[in-house]
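Across the two complexes that follow, chain A remains constant while its partner is chain B and subsequently chain C.
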Partner chain A sequence: MSLLSLTLLAPLVAAAAILVLRRASAALALAGVLLGFLGAAGLLFGAARGDLLQAALPGLPQMPLRLTAGPLTALLSALVATVAALVVVYAVGYMRKDPEKPRFFATLLFFVSAMQALVLAGDWITLLAAWELIGFSSYLLIGFWHGREGVAGAASRAFLYTRSADLGLYIAAFILIGSAGTSEISAGLTTGGVAATIAGLGLLIAAMGKSAQVPLQDWLQRAMAGPTPVSALLHSATLVAAGAILLIRSAPMMPAGVLTLIALVGGVTAVITGLMALAERDLKRLLAASTSSQYGLMLLAVGAGAPIAALLHLLAHAAIKSSLFLGAGVFQHDRDSTNLSDLAGAGRARPGIFAGFALSALALAGIPPLAGFFSKDAIIAASLAAPGALWLVPLALIGTVLTGAYMARALRHLWRGKPPGRAERAPWMAAGMGLLVVPAAVLGAGFPAIEGLLNAAPPGGEMAVALGLAAAALGLLAGWFIPAPRLLGGLLPWAQGGFAVAGGMRGLVLRPALAIAALTETFEQRLYNGALATGRAMLSLGRISRETDETGIDGAIFALARRTRETGARARRLQSGLIHRELALTVLGIALVTAVLLAAPLYS
Partner chain B sequence: MGMARDLSFLLPEMTLGITAFIMLVAEMLRRPRLALLIGLAGLALATALTFPVLNAGTTVFGGTYRIDMLSGWAKLILLPGTALALLLARAEIAGRDREGSVYALIALVTLGALMLSGSGDVMLMVLGVVLTGLGSFALVAWPRDDAATEAAMKYLVFGSVTGAVMIYGLSFWYGGTGSTLYSALSGIGDQPLIAMAGLIAVIVGLGYKAALFPFHFWAPDAYEGAPVSIAAYLSVITKLAALFAFAQAFRDLPTSTGWPLVIALIAAATMSYGYLAALVQTRMVRLIAYSSIAQSGYFLLGLLAIGGGTLALPSLIVFGAAYVAMNLGAFAVIMVAGRELEDFRGFGRAAPITGVAMVIFLLSLTGIPPLFGFVGKVYLFGAAISAGYLWLAIIAILNSVLALAVYLRIIVAMYQPRPDAAAAPGQAGPLIAAVLGITVLITLVMGLFAGLLPG
Partner chain C sequence: MFPLLTLATFLPLVGAASVMGLAGRGGSRAHGISIATTGLVFLVTLAIWARGTAPGGFSQIEEITWIPSIGAAYRLGVDGLSLPLILLTSLLFFLSAIYSARVDDRPATYVVLMLMLETASLGTFAALDALLFYVFFEVSLVSMYFMIAGWGHEDRQRAALMFFLYTLLGSLPLLLAILGLFLGSGTFDMRVWVDAPQLSGLAAMLALIAMLFTFAVKIPSFPVHTWLPAAHVQAPTVGSVILAGVMLKFGTYGLIRFAFQMTPAAFSQAALVILVFGVFSALYGAFAALAQSDLKKMVAYTSVNHMGYVVMGVAVAGLTVDPQLRAVALDGATLQMISHGLVTGALFFLVGMLQDRAHTRAMDDFGGLLGRVPWLGWAFILSAFASLGLPGLAHFPAEFQVFLATLNIQPWAVLAVLAIVITAGLYLRAIAAVFLGAPNDKWAAMPDLDRRELWVILPLLALIVAVGVAPGMLLGMIHATMAAL
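Up next, the complex of A and B:
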């Protein structure tokens, strides 16, 4: 209980303290994440000893808010805490000169706290709440430099994208709560039948939004508008990971059909976003596309029936990708740009940072004995063993080749070109990155311990090792020696355009929604006009009868009629004549209600 | 004996009625401040007197008035909500002519609202509709300028027509069952046409009051013509009362009459229409008016489960409480910032604390957890799904995405650079600051302690 609250509350309290004190923000942030890290480490040790730490808050009646630190959740919590702590160390250097530092650290810590709540959530309501909170705080983080052009739009887009996919999570959560009778996640995972299928599809949609899977991949690259530490944190172990974590946790209840779909989505994403990364001209956007691609591989592993392989890749990727981003941030500081052509030779000016970057890149490509090698082999082995091996294996292998190719391309750009003078030292940034490169390199050694903790073994086999190594080597060589346009051939314009399917989100959702909104605006107007036309017809009928009457009716009545007309005209001006039109609509509404009620025997 | 027992259950209502009367006297003596203080004290006393009868679960006056969970919690929501609205009104119209009459009218309208939410009889429902209606027309017309008069006129004509339809239709129920009690409705299933006539009447009469599509047309105009504080009041108190009255009436109505589907369709149309229309508004009051219309649609999700599920009443009560807090808060911010969307440009930078409060209200209206509005929506979705209306829950969740688009328009504008020509925004006076503080606290904290509410 106390460890759980330490993990969760230490960053939150630090965030509040920063907002209140508005000074010493870096020190407070460090203290917050370090305490949180200690808590998470304690949870992991507890879970390794076999304890199951739980805490419940009253929350909703009959649906207490639960936090659970089992083996899986404690492991993820430790991962989040580790990456968060190192990113904060790095950010101390990166944000040194930013006048809005307190706001940055406060939001970052709030995000970390929400993410911890998400991984430790033991019930669907907590999960939903944490899910939305990370969405909202990532909105704040991506939009941190909201004064800059395009940033506010990018943040809103990320928020709207992921939130529209959240629909799936809401539906799934309510179905699982409804069919299990409790909001506990572990109880909900025993659901079967149609409910499991619908819930599984819902979870998949939610995961696709958060993990930036095709066709919802577009927001992630735009989210690069945020500060680099934010990208490092969001892309490695947190925001984007939430989708994969959700699927890994709910894998036990997924019916076969849904699993196939998950594998398909993941495989297709791995290939398409891999191609996008290869075509990308901006280092951070390249890394972002690569994130989508790697999460695609994880989904493929979940779909192939090996969530443990997905988890191992998640862990390896978290360390690798955050160190890559931190390296990119150092180069960005040097050159004030993330454009690959501006960064040419930036690696030579900082051989230390470049070495770390290269090590991580090789790890991502899957070169032994680095971390990515083991996890990628597990994924390939899983796809070999899966029922749909025939199409899963090629997708996984192409994804691996592409990984090698785009990482080699990035390395080449950073290395070739004229070396500028020596850069100023950046001790905080180097420390944060250095500490992340170490696990990126050696995490593979810890995998057996993790497998033992979770009591699950990933599939293996020499075949997978051979295929994986061949694919990685092929990709690296191709990426280094062959320019991307030649590699991509006719696919280049597509890949650069982000494979916008049918206009992407914008064409599919945004434009129709605005069009409908505009229609509603004119809807009332149209109906008014209709009602008005009817009214005019009535009035002219009235005028005809009035004229016939006026000729034969005596003066007193005539005068009275005129006065009434004048009063009416005044009243009409007062109400702008709109009321009868609206009342006509109301009558129409009454008629519709009546019609539905009259039809009641037909449907009930 | 019987009379004394019945009256003892009506202490909150009687307190409020007497308070309103004394407030009128104070206004006649030209002591508006006194009227306000009496009103606040009376509301506080009435709230306190509600607690003893909160879980009474009984009826008085031969079943015509219900002292049950719904009417009890309605008092606990509506009475403090009215007190907040009084504070807002004071902040807006202090020192102006006929100030005290506004306070007295507000108290009277709230009395009508309590009647609606406790009604166990169609006559009481009609009385409640009329009492809330007459007071509201006068409140909207209070500024005496063209816009307000026109808005009030429209409101009145709409109210008269829908009221006439309602009373006419309800007479069928009386004819069919031989009683004006709702409890007599349980046997009306075998007279489908009569049941239908009354049902249409209720939907039209209360749907108008709750601003449901397609009976909502008056709302944006009335809110815009009225003082902002009055719009805030009307958008929460009378609307909530009408929705609670729906719940009371439908509790005894057999579902074989087909009411759930009609309500579900109206809910879907109201939510979608409200948010779509809000998406294209440029005037802040109209935007929030359409957003309030959409929120009424969400309430109907809870109403659907009233026949069977256990979630129906809790969902209405919890979301009701959340809605009062966040909508009053949003209107309070409008009072500070201005009535146009353009007034909000850069407002968040110029007035950071009020700006953050507005963001909290808007996110809660969207349904972002763990804010209070989210908890209410969890209940509402749960209620609709348990009643078998998964499709409606999906439409509701889709609409929350639309809602986010609507509210982000405000949030984004608030943090854009302020136009140079714009004057500095007004400061929140102590009264508005108090209202903002209370509503922010409720919106933030009650999400975590929703277990304290009924369920």
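Up next, the complex of A and C:
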């Protein structure tokens, strides 16, 4: 319990402290992520000893919020904490001169908290809440330099894409809570039948949004408008990982049909975004496309029935890709650009950083004994063993060839080109990146321990090793020696256009939505005018009745009053005030009354 | 027991009387009295909250005989449905009083109208006698009419008249329904009507239809919502806050208290139709909001969307026999009323603050304001994300429960969940147009929120986060009542 709260709350408290104090933000951020790291490490040790830490917090009635630190979740929590700590170390250097540093660190730490809540979630509501909150903090971080052109659009797009896909998670959560009668994830995963199929499809859609899978891949490349540490943490190792994590956790529930679809989505993404990476002219966007492609390989593994292979690749990729991004950030600082042509030769100016970058690139391509070699072999082996091997193996292998090709291309651009100038020292950035390159290189040695912890063995075999090595080598050589346009041939314009079909999201979703909105507005105007016309009609009805009143009833009443007044005026003439005339009238009156009385017997 | 409910309900009238007594002494005195009175009322409602409610049935009953021959009496009381709304009402009036401290156009009259409106609103939620309820319900219209007509914007006369005619005509059927229920039971005691259905068959259905018509206008639900954007755009800021935050809840409160509780069998029969209207309103409101470029009108249309979810929640509750699911749906619908009051209140205040500074509400007139007015900008961003249903903020727990119940009762109706993407899109567009991007030099001298404005907005933001993170503080009370319905 205390370890759970340390893991979750240390970054959150640090974020709040930074926002309140507005100074010493870097030191507070370091303290927050280091404490969080200690908590996560404690959880992992506990899980290795066989503990199952759980906590329930008050949430909705009969649906408490739950946190669970079992083997898988503790491992993922440790991964998040490690990458976060090292990226913050790097960011201390990267953001040194930025005046809005407190806001940056506070948002980054908030993100880390939300991500920890996501991996440790024990119920669907916590998972869904954390899932949306990491999307929100990603929006804030992509939009960090909100005054720059194009940034607002990139941030909005990222949030909208992922939120649209999140509907899948909403639906899946509603179905699974409804059918299990509780919001616990472990109970929901025992669901079967049609409910499991629909929920599984929902989860797949949600994962496609977060992990930037085809056709929802476009937001990730635009997200590179944010600061580079954000790209390293969110858009390679954590936020994007959430999609794969979700599918790895829910793999036991997935029916065969959904698994096939997952593999298909992953395989197609691995190839398509791999081609996009090869065609890219910007280093950060190349790495972003590569991220989509690698997560495609992970989905392929999940779909092939080997979530453990996906998990191993997720761990390896987290270390590899974040160190690649951190390296790209150093070069970006040197050249004030991430355009590949501007970065020509940037690697020579910083041989140390370039060596780390190259090591990670080779690890991603799958060169032994680096981490990516083992995980990629596991994926290829999984596809060989899967029922759909006939089409899964080619997709996995093409993905691997493309990985080698685009990484070799990036290395070549960084190494060749104009002679280097002197670069100023960047100790924080070098430290953060250096510490990430180490696991990128040697994590493979730890895989058996992880497999033991999770009690799952990935598929293997010489066939997979041979195929994987051949594909990696082929890709690296082709990427280094053959220019990308020649490699891509007729696919080049497609790859540069992001393989947008029918106008992409803009044409398929945005325009119809705006058209419906415009239609609604037109209708709304009619409705309003209709209501107004009805109101006017009623008012004129009122006016008619007023006129009737004035000319008719009022007229009658006024006429009556007028006649009374006239009668009165006539009567007044009798009241002249002249005594003699009054007396005469009185006598006349008395005479009349007397006459009437006297005459009474005659007519009674 | 000291009659706290009566005190809270009529304290504003005492304040109004003292303002009238001191007429002509300048605006600051009137505003001082208004802030003190509404603040006191807020404290009294907190005390009412501290006394708590009992699960099942009403508590803190205050009763005085009035017209015994027809069973009408002065009856007040609260349960888990009305108490949260009473708290919301007193809070929003208190903050509105602080916000309007700068109104210098006939301040005494303005304050008197606002205080009268507070009495009417609190009375509407607290009344347990149908005749009393109807009186409060109608009186609120009058104050709001004069508020819009007297202190509104350019086209206020027409909007005020439309609002008045619409809602006045709309409330006549309710009177018929109340008379019908009276004839069936011989009393105006709402507790009797709630405890056992007094009408059945055709009579119950006719009464339900009459009530639904009234409340649909008030909620407002498609297609009788057209008064809402017009009234909101023209109303003064406080008018919009009270209208959206408090008065729309008359409709949803009536939907549960009258339609759902008093004619349950007829409600279940009609629930599918009501659900269709709810789903359509939710989607329609979202798309209509997407089409707006006027910030205030946009926020107004999102009310149609959010109140549509409330209608959905109540409708699916009428469609299920599973008590647990029904409680989830009603919990969500009730919490959604509170969340909408807090979030939309905050948004209308913020748009008002922006309009006070710029004298325009068109989002394309702005740009890059976040660097210029960070407090205003971040407050708007937080409120906007709350409105689009971000977890950790007020709307999420409410909407989650409504959708959860909907999917498990009428799966097709969860179609309305699409609206959360539309609202996300429209708020992100508004944020990007007003606060992000290159700064517009026109507003280089715009001042950030001053202390008075922070006093208005910070409590709302804090509560938006509090309800989102710990909905239990309200849901405990709501659930105890709803589980017993």
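One rule holds in what follows: the second predicted complex is superposed on the first by the 523 of 604 C-alpha atoms of A that agree within 3 Å, B and C clash if a C-alpha of one lies under 4 Å from a C-alpha of the other, contacts with A are read in each partner's own complex, and residues count from 1 in each chain.
Simple rule for what comes next: a contact is a pair of C-beta atoms (placed from the backbone, for glycine too) under 8 Å apart; a residue touches a chain by one contact, two chains touch by 3 or more.
Just so you know, these numbers come straight off a predicted model, no measurement behind them.
Trainee: Now for A:585: first (chain B), second (chain C), both, or neither, which partner does it touch?
Mentor: The first partner, chain B, only.
Trainee: In the superposed arrangement, which partner chain does A:149 touch: chain B (first), chain C (second), both, or neither?
Mentor: After superposition on chain A, A:149 lies in contact with chain C alone.
Trainee: For A:351, is the partner it touches chain B (first), chain C (second), both, or none of the two (neither)?
Mentor: The answer is neither, since A:351 touches no partner chain.
Trainee: Contact-wise, after the overlay, does A:593 reach chain B, chain C, both or neither (first, second, both, neither)?
Mentor: first
Trainee: One more residue to check, A:133. First (chain B), second (chain C), both or neither?
Mentor: In the superposition, A:133 contacts both chain B and chain C.
Trainee: Shared contact residues on chain A for chain B and chain C?
Mentor: Shared contact residues on chain A (touching chain B in one complex, chain C in the other): 58-62, 125, 128-129, 132-133, 136, 146-147, 152, 156, 159-160, 163-164, 167, 170-171, 174-175, 177-178, 513-514, 516-518, 520-521, 524.
Trainee: Considering only the defined contacts, which chain A positions touch chain C in the complex?
Mentor: 58-62, 125, 128-130, 132-133, 136, 139, 143, 146-147, 149, 151-153, 155-156, 159-160, 163-164, 167, 170-171, 173-175, 177-178, 513-514, 516-521, 524, 527-528, 530-532, 535, 538
Trainee: Which residues of chain B touch chain A in the complex?
Mentor: Residues in contact with chain A: 149-150, 153-154, 157-158, 161-162, 165, 192, 196, 199-200, 203-204, 208, 213-215, 217-218, 255-259, 261-262, 265-266, 273, 276-277, 279-280, 314, 363, 368-370, 374-375, 378-379, 381-382, 385-386, 390, 393-394, 397-398, 400-402, 404-405, 408, 412, 415-417, 448-451, 455.
Trainee: Within the complex, which stretch of chain A touches chain B?
Mentor: Touching chain B: residues 57-62, 125, 128-129, 132-133, 136, 146-147, 152, 156, 159-160, 163-164, 167, 170-171, 174-175, 177-178, 513-514, 516-518, 520-521, 524, 571, 574-576, 578-579, 582-583, 585-586, 588-590, 592-594, 596-601, 603-604 of chain A.
Trainee: Touching chain A in the complex: which residues of chain C?
Mentor: 158, 161-162, 165-166, 223, 226-227, 229-230, 284, 287-288, 290-292, 324, 327-328, 331, 368, 370-371, 385, 390-392, 396-397, 400-401, 403-404, 407-408, 414, 417-418, 420-422, 424-425, 428-429, 431-432, 435-439, 470-472, 475-476, 479
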